[in-house]
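Just so it is clear, A, B, C, D, E and F label the chains in written order, and each chain counts residues from 1 on its own.
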Amino acid sequence: MHQIDRIISNALEEDIHTGDITTQSLQLVQRTVSGFLKAKEGMTVCGLQVAERVFKALDKEMTFSSELTDGDQVDSGTILATFAGDAAQLLQGERVALNLMQRMSGVATLTAQYVRAVAGTKARIVDTRKTTPGLRVLEKYAVRVGGGINHRTGLYDGVLIKENHIAASGGIMEAVRRSRSYIPHTLKIEIETESLADVQEALSAGADIIMLDNMDLLTMGEAVRIIAGRAVIEASGGVNLSTVRAIAETGVDIISVGALTHSAPAMDISMLLEGA
Amino acid sequence: MHQIDRIISNALEEDIHTGDITTQSLQLVQRTVSGFLKAKEGMTVCGLQVAERVFKALDKEMTFSSELTDGDQVDSGTILATFAGDAAQLLQGERVALNLMQRMSGVATLTAQYVRAVAGTKARIVDTRKTTPGLRVLEKYAVRVGGGINHRTGLYDGVLIKENHIAASGGIMEAVRRSRSYIPHTLKIEIETESLADVQEALSAGADIIMLDNMDLLTMGEAVRIIAGRAVIEASGGVNLSTVRAIAETGVDIISVGALTHSAPAMDISMLLEGA
Amino acid sequence: MHQIDRIISNALEEDIHTGDITTQSLQLVQRTVSGFLKAKEGMTVCGLQVAERVFKALDKEMTFSSELTDGDQVDSGTILATFAGDAAQLLQGERVALNLMQRMSGVATLTAQYVRAVAGTKARIVDTRKTTPGLRVLEKYAVRVGGGINHRTGLYDGVLIKENHIAASGGIMEAVRRSRSYIPHTLKIEIETESLADVQEALSAGADIIMLDNMDLLTMGEAVRIIAGRAVIEASGGVNLSTVRAIAETGVDIISVGALTHSAPAMDISMLLEGA
Amino acid sequence: MHQIDRIISNALEEDIHTGDITTQSLQLVQRTVSGFLKAKEGMTVCGLQVAERVFKALDKEMTFSSELTDGDQVDSGTILATFAGDAAQLLQGERVALNLMQRMSGVATLTAQYVRAVAGTKARIVDTRKTTPGLRVLEKYAVRVGGGINHRTGLYDGVLIKENHIAASGGIMEAVRRSRSYIPHTLKIEIETESLADVQEALSAGADIIMLDNMDLLTMGEAVRIIAGRAVIEASGGVNLSTVRAIAETGVDIISVGALTHSAPAMDISMLLEGA
Amino acid sequence: MHQIDRIISNALEEDIHTGDITTQSLQLVQRTVSGFLKAKEGMTVCGLQVAERVFKALDKEMTFSSELTDGDQVDSGTILATFAGDAAQLLQGERVALNLMQRMSGVATLTAQYVRAVAGTKARIVDTRKTTPGLRVLEKYAVRVGGGINHRTGLYDGVLIKENHIAASGGIMEAVRRSRSYIPHTLKIEIETESLADVQEALSAGADIIMLDNMDLLTMGEAVRIIAGRAVIEASGGVNLSTVRAIAETGVDIISVGALTHSAPAMDISMLLEGA
Amino acid sequence: MHQIDRIISNALEEDIHTGDITTQSLQLVQRTVSGFLKAKEGMTVCGLQVAERVFKALDKEMTFSSELTDGDQVDSGTILATFAGDAAQLLQGERVALNLMQRMSGVATLTAQYVRAVAGTKARIVDTRKTTPGLRVLEKYAVRVGGGINHRTGLYDGVLIKENHIAASGGIMEAVRRSRSYIPHTLKIEIETESLADVQEALSAGADIIMLDNMDLLTMGEAVRIIAGRAVIEASGGVNLSTVRAIAETGVDIISVGALTHSAPAMDISMLLEGA
């Protein structure tokens, strides 16, 4: 919660800084208004609590309620939440709340599309580190809300040995051996493979997870047969909504999709004040 | 530069935190490698200096050079920059540098498309406050790089009197009067209008800028004729690449486009290390 | 509010740091006392809410009330506010609360003197960027409380083209042209002039605001006649309480006064505890 | 040095924030200029290194030199320092450098006046905690530069038992006893006295320092005779440039003056760029 | 309190960072549980309020109560505190609360042992600057709770002139003279001595406190006789539980012990949840 | 490196704050001295680079060199490093450098003792989360330097399902199932067991790591036989230098030892300046 409060605090500072000069200049008397957030297109809702915390960071006394839960699928026109509070504070918080919630709902909605696309296969949709700098914790949450699973959070909490690492270590066997002797016993070792020969070597080395990097469907299928359950299999590269199903049907366990976080369009949500 | 350094520092902390455990676990000897950034699709390049600063934040001694300048239009396959430095540090910085540069280039590329769409009219493309929380300063820069103009940075450095403000102040005349008596003489007053009647009242009130909010093309054209140069005119709402030209041709001065920053897809850029 | 809370938090840390060793060493039992703030000279009061927030930062449960509002003119001996709370916390907050309120009241009081000196003319008294580093937001507030108007907050929210800028750009015309093509449409352009020839050129260039820098009264009057309402006019330089009236009577719109913030003496306010 | 760097960093952020929009809008080519700081009235110079650090925080490569040292007494017209660096960075740093240096020189100059006023007596001029919130470390430095001595830095590094403390502890004897048993052996105990009876009790209690609070000259003289070197004596309250000499002549050791820091007017210093 | 809140906040961030993934992964419903802290060995309890603040930082609504006060001596098996709150938050806070309280109780317990060892002599046990980086304020508090006295907090609030300082100043006389002319009158001067000749010179110089550095018992006794109450005497170096009594019996006033903070073993405390 | 720099910066601020008043008061001329760090007892050295960075944070120009590497075993009297730099800065940094290095060497030395105690068995010594709040990254490094392995860094990068979690989830099977469906595929699942029945259930549930919590040697041995290589086995509880060998000989893979970080005594290291 601490990290999310810092994101909200930074976002409010970025937008408000020395104050909302428009509202100040109008010298309005303080007054309470009610309002609501409304979906202007169909979406997987995400960020309700974040929006609430944005407003409460500005006006502790405000009320905020919703009949929805993050992850609900709603149609255009749905009222997402209703609230009441100090008019000036609500106007100050509007843009930050929407900017966060529209982005989070965008990620959740896109993730849900990928998850539906692989329904019935055993493949899980996972995210990558291709997130918006500073917002990773929110975007990874939105992926889960959309039905996806998170890959490692950053460089610090998961081992993924890539081509450059392998070359510098002198091969897959040696790389896995060195890593195993060093890392906490609570972490698995994932290794990137470019060919079936790599896959064989990764298996011999005892890798826990084998990433199939940018392989075509035939090669992927062959890799799945070779691995035969002896390691978790992640497909990576060239994944989009039109290719993901076929990839899933090769039998891989995990499909990682950068677009979930780097290119999800914002969902359209608006805030309306009543009797303002 | 201070704000950008903070964005970079936060992004590196977010990704690296206690350390790149994969690289640490391989216990590699320190060694210098060279590498390059490469465009994997056509784009308006943006963020070259930001990428450089990401790497230099990790390895002060690294070299980084580019024959390009932010704003250059490049084809897929173009080498964007070459560099050399400590291999482990480059691998640690890769994802943050790309995450920032791909997003900035995305915003610049989309902005350039809008700017080209209105070429030959007097209309300028401007951004909004619908930016990524925490990255506004970079995204506003990318809009300029793409040929657009910035709207106010936040609530603190520009006056934009909206419907709720007008209602609470008791009308356009009174709102403009109050605001003028309060604000620094260095700021203009912009007011949102919903109808031609509003436009007339805004003119009488002496507003410096009149925003035409979600008006159809005919009404916009009529508003332009009524205003007749007595205020700057901003069109807002319902703007996309297929509508922006017609809007520009109504004679408005400014067209604000939220999508520039809230929905620009990331451009595809990759980093390659040589002899790593 | 965020910025003010940070100022208060820093000021308390500066004064208290590891703790009030005097009070700690006396090992007193916790007890509630009441007290009041009292004006020891006539002043325009400023900073009541800031003082309240200082105390509440240390003791959330304390009560604080005042029959006055910032901007009220009071005589020596007036009770400014009464309060009750934990004795040790009140003693810890006393100096910070007074340091801030005495300074803010000093700025407001001096501003009010300038405002009274130009009463009946159309000239407005404005501040400058000659503020106390770290306290600008409070001092600009105090200027408004004293009846003045704020100039731009900093380098980021207003355009003021000075002599050095003009020289480097190749003249007034070119400087205004370049600036206009770059800045948000929400900002005006102010330009510094040293002579009537400069004034003429600034008018031709379409500057929104013309600053008359260190001109004598005759030249200022001539400039006012030349400009004839086509730009806002700011007088700057050599302003003090004995010259400000004559400057105002030349017909300028705005008179900026650095002394409002860089040399206002602190007002004398004391805090007394009852039955402590 | 860490604290001063933070003051400078905050002050630059306060003034520059997202950037100097005037300079940016003029799209000038980068170029190096030289310049100087000049005293526009006689003063005790203070803050030369602080000004240098402001500029170097913006432009690491700049040069800065001065033939003066903080504490030097200079006439109006004296060149305080010369420098050369990037024009845009110098213009950005100008106001912050001057705001700090003018204030520090103001404090040093006023302190030097008090020090001269008591020349030939044994009394030392000391400051108080009535400093500008956030700038205490700089103002206490300026007092030393002006020839004064610092009182405790804050509540945490010196013991000063005041009236309220005494009342709550049940008398001077008990207050001193409790404090002595608690505090580090490296600290002295100072106690506030309102009468000669208090002075007697403080002596009996073994106070290291006795503050004579708002006493008239006769009472002060009598207190000095009673104490007879058995404690350090501080005079406090009602001190100004016309009373300080007589106070010093009563034989007190220390005279504390709040005005040194809360009401010193800024010294007039200007920055000029050559060939800019 | 501010400093302690920062320590707690940093410690929680260090341990929890992006979240307690174990608890999250179990997707438990929110529920309130009660629990208690229990001493698993005899100790001088320290840190009860710190533990409470750790938990309340995570769950504002939790209850926490204890029949003990910091400084109480308890046997193994004693219930130190009971509490109730949200199960997930209590589990998240457990380790940080225990890590702090076990360390603080360790310092208090060891200090109490030293204090008991010198009971009946006039010697006071004091700490040093050999504290855990970042936790000094808590460890110095724990020393007081254990019956010790604090030495200076850091380099900024006490004067201790050591061998290197003396050599660089040209002798003890000159060092004390310079220091006296500079420092606040609220501070004493302590000087390190290596021999009886040094002690004589320190006395002549008027040092307030004389540290006997690593002297044997005979020399210490001789130093005490020479000083004869004219300065406070601190013994330093080679102090442990088996030597401290003999040192105290030489008649020194103060014995400083680095081990109090740099080598106190953690006390064993456990947290148990009921009906969790 | 970023985290370590923050620890150093906080530690220096904690000790120096507004400045080293002793050194300032002596008004010494700046001068360069050389010096060295010396082991005053046998130890596994740890923290050489940290000490270097402490000094360089104060004096960028200083030189620092060592013929040792962290992890080297040295005898009492060994010179650990030599350096040269500004005398005042070295004196300011001394305590922080030593406080960090003595603690780190203490942890490394104690870890090395445990590692030697289990030499020849397959058991690895690992740390726990019982670290000094704020210093975890340094202490976990010291454990590795001493030959140990790190357990998870915090609650965020490893799954450890404990008794309370199991009870709240309705049993081991259900807890493992839920956790597996949620966590990144890069993490293993560790589960705490109290009995052989728990061990059986954990195996059935497919736990990756089974912790044997506070079991006696016989039960541990039996658990090892039951698990038979199907999960990693961690022994926890009641581990000290006299019991660790027997525990290792039961055939467990991992032995976690809280004392490595919560109770390692500081190693004695001193700093000497030459010609100071």
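Just a few scattered comments:
Just so we're on the same page, contacts are C-beta pairs under 8 Å (C-beta built on N, C-alpha and C of every residue); 3 or more make two chains touch, one makes a residue touch a chain.
Worth saying up front: this structure is predicted, and the values here are computed from it rather than measured.
Least step count on the touch graph, chain C to chain F: 2. Hopping across touching chains, the smallest step count from chain B to chain F is 1.
More C-beta pairs in contact connect the chains of A-B than those of the other pair, out of A-C and A-B.
Comparing the contact residues of chain B and chain C by number shows a mostly shared set, over half of all numbers used being common to the two copies.
When each chain is reduced to the average of its Cα atoms, B sits farthest from chain E. Averaged Cα coordinates give chain E a centre that lies 22 Å from the centre of chain F. A straight line joining the Cα centres of chain A and chain D is 53 Å long.
Per-chain CA centroids place chain A at a distance of 45 Å from chain E. In chain D, the positions touching at least two other chains are 16-18, 153, 156-160, 182, 187. Each chain pair that touches appears in this list: A-B, A-C, A-E, A-F, B-C, B-D, B-F, C-D, C-E, D-E, D-F, E-F.
Put simply, chain E touches chain A in their complex at residues 9, 12-13, 16-18.
Across the complex, chain D is touched by residues 124, 126, 144, 149-153, 156-160, 182, 184-188, 190, 209, 232, 234, 253-254 of chain E. Within the complex formed with chain E, the residues of chain A that make contact are 2-3, 137, 153. The touching residues of chain F, counted against chain E in their complex, run 7, 10-11, 14-28, 31, 87, 91-92, 95-96, 98-100, 102-103, 106, 129-136, 154-162, 164-165, 167-169, 175, 178-179, 182-183, 187, 262-263, 265-266, 273, 276.
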